[in-house]
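Okay, so subunit A shows up in both of these, paired with subunit B first and subunit C after.
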Partner chain A sequence: MSENEIDDNLDLRGVLCPINFVKTKLKLEEMQAGSTLEILLDKGDPIANVPRSVKEEGHKIIKVKKEDGDFFRVMIRKS
Partner chain B sequence: MTLPKTIDLSAMKSGGLIKQKEKDFFAIRLRTPVGKISADHLNKIAEVSRKYGNGKLHLTVRQGIEIQGVTFDQIQTARDELEEAGLRIGACGPRFRVATACPGAGICPNGLVDSAGLGLEVDETFFGRAEGLDLPHKFKVAIAGCTSCCPKPQENDFGYQGQIDPELIEADCDSCGVCEVTCKEGAIVMGENGLPIRDQSKCIYCGDCIKSCPTDAWVPKRVGLAAYIGGRFGRHPELGKKLADFVPPEKALDLIRSVLEFYKKEGKRGERLGVTVNRVGLDEVKRRVL
Partner chain C sequence: MSYSEDWIERYSRHIILAEVGGEGQQKIGKAKVIILGAGGLGSPAALYLAAAGVGEIGIVDNDEVDLSNLQRQVLHHTTDIGRPKIDSASEKLSAINPDIKIKTYKTFVNSTNIMDIISDYDIIVDGTDNFPTRFLVNDAAVMSKKPLVHGAILRFDGQAFTVLPHVGPCYRCIFREPPPPGSVPNCSQAGILGAVAGIIGTIQATEVLKLIIDKGKVLSGRLLILDALDMTFRETRIRKDPDCPICGKNPTITELTDYEWVC
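Moving on to the complex of A and B:
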């Protein structure tokens, strides 16, 4: 997947649970079905919890990439 | 003080009445298994407290409610009124106490098993006289929905805790590494082939890997209950010992029953189960109850 296919993004590094999830959810609500959101999440609780909650809301996690500096780049397709 | 004629002394003996420091005052301990209670019942409790007590309630550490300041001659009337509304009275003394549990899988996102549902079943089955087995001492049970153990199953005479055994569907794995950083036990490392490798000896069966995997590559192989025996607080606290892993939920009551039968047979009067277990030895206990 190339960078161009990302419709929106959120840098959630340093944002604690569950605020990171709530921000993701609100952002997804603004977006159109089928579009792609990229979020950045810290390791630890954020990466353990946010993708799981997003998945439970019915969206699809299409890619997760570990980046240097202890954070993850997560790509979500809105359902 | 003269005893009111209506008082049922045998009902008093079944427990749930706690003498207060002030003369002639009692607290009524309610039976609210797993701490689950309806708003209607709460209203009723408030009403009875205002009518027969002093308007004050105590929330016990075991998810119970006690109505304080009821005078001796009002106890029976207060009890009748509570029971009429479907509320029941708790236990004290050498009895199987009201079962405690967390909300579990039905409510809590971390829940692996329906701890509250199981707690209600346990309470319904064993509360009070433990199916006629008069016990050497009190017997407390707590049930946790997952490895976080919020209701402290290891601090009870018997405890259950939900657990889940993960299995990897290799074809579904995206090699993202989320499970590796999610596992708090360090039981998962990413292998050279890009697939996670789980070290079973470090795994505590929490299921975090299953819940966090974006592609559902980790799946549950079995779900069950870890059983702990012989925990207690009080003057000489001791944590319960692991009795078994992956007890199937449908066998949960049977195992408690065997433990109660063992305790009834081997426990000395006034001895908590943990002391009995220490005396007999855990291996022998396992041989007898499993």
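Moving on to the complex of A and C:
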């Protein structure tokens, strides 16, 4: 699987904490282990908190990329 | 599975918990819990279970709301005095969570109606206020093999215990039979600190939720005892009694009976 291949994505820009994490978690629950989810997160609280919470649930953060327009593209591999 | 925005937001603090998640919250939504008594213990238990999103809650009570109930029975408000407790309860629970189904039974449980009442539910919460009923509820739970979360309160004291029929000990493994009528004071004679009802009823709700999501350890084989005056909890290990008259190897109780109850 190439690094950029994603199985699903969620645009969580404009979604506040902790609902952005809740939505990420619900999406991950319905995905297969080993598959990849890409999420878009706002700067500030979202990027500071969501990846950490995702890691605490045992998933892997594969890539975090800052995009123009003050948001981040975060790639998660489901454990 | 798609979730509504309201569902996600309402239960977000549950879903965040590693032990619950979307899956656990769905289990809670499918669960059916019967609460016996809408009083001191039933009030907090019902309020938290409704708020948690338990899909179907049954409430059994034959009383009307009395002014002297309001100091601890937080389901009922001053304006409810004189109304059946089940109506007052049903209204409050629906107001907290309109997504859930509430079923009410205007009766007291007895040996002839209890099996029928509990048959539609997965878990039983005992919020009754007297020994004869407590033994009846235990026996019915063991016979129907449904988990029972017991709670009792008096003065500043409380206890909680969960019966997993035939897996762990039952109430009769600890206390063989009801005390003689009149030998033990009840709440109306001995008094009860209202907040103690809140602590024990909330422990009962917590036990129910753990049973539903199948996480953690419930109070099976452990009688939890609260002394709120010293604010200490202690725990007594309880073993399943092979000679228990209801859940033992050779049960002598094979049908339900109503004990004499003098108050």
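The rule is simple: the second predicted complex is superposed on the first by the 75 of 79 C-alpha atoms of A that agree within 3 Å, B and C clash if a C-alpha of one lies under 4 Å from a C-alpha of the other, contacts with A are read in each partner's own complex, and residues count from 1 in each chain.
To be clear about the criterion, contacts are C-beta pairs under 8 Å (C-beta built on N, C-alpha and C of every residue); 3 or more make two chains touch, one makes a residue touch a chain.
In this text the structure is predicted, and so the values were computed from the model without any measurement.
Visitor: Could you say whether A:Lys65 touches subunit B, subunit C, both of them, or neither, answering first, second, both or neither?
Guide: Only subunit B; A:Lys65 stays clear of subunit C.
Visitor: In the superposed arrangement, does A:Arg13 touch subunit B (first), subunit C (second), both or neither?
Guide: In the superposition, A:Arg13 touches no partner, neither subunit B nor subunit C.
Visitor: Could you say whether A:Arg77 touches subunit B, subunit C, both of them, or neither, answering first, second, both or neither?
Guide: Once the two structures are laid over each other on A, A:Arg77 reaches no partner at all.
Visitor: Count the residues of subunit A touched by subunit B and by subunit C, then name the partner with the higher count.
Guide: After superposing on chain A, more of subunit A is contacted by B.
Visitor: After superposition on the shared chain, which partner residues are touched by A:Glu30: those of subunit B (first), subunit C (second), both, or neither?
Guide: second
Visitor: Check the residue A:Arg52 against both partner chains and state whether it touches subunit B (first), subunit C (second), both, or neither.
Guide: first
Visitor: Answer with first, second, both or neither: which of subunit B and subunit C does A:Lys43 touch in the superposed model?
Guide: After superposing on A, A:Lys43 lies in contact with subunit B but is clear of subunit C.
Visitor: After lining up the shared chain so the two structures overlap, which partner does A:Val22 touch, if you call subunit B first and subunit C second: first, second, both or neither?
Guide: second
Visitor: Could you pull out which residues of subunit A sit against subunit B in one structure and against subunit C in the other?
Guide: Subunit A residues touching both partners: 53.
Visitor: Please output the residues of subunit C touching subunit A within their complex, sorted ascending.
Guide: 1, 3, 8-9, 12-13, 15-16, 18, 21-23
Visitor: Give every residue of subunit A touching subunit C within the complex, in rising order.
Guide: Per the stated touch rule, the residues are 18-19, 21-23, 25-26, 29-30, 53, 56-57.
Visitor: Residue numbers of subunit B touching subunit A in their complex, please.
Guide: Contacts found on subunit B: 109, 174, 176-178, 181-182, 208, 211-212, 214-215.
Visitor: Using the touch definition up top, name the residues of subunit A that touch subunit B in the complex.
Guide: 43-44, 47-49, 51-53, 55, 61, 63-66, 72, 74
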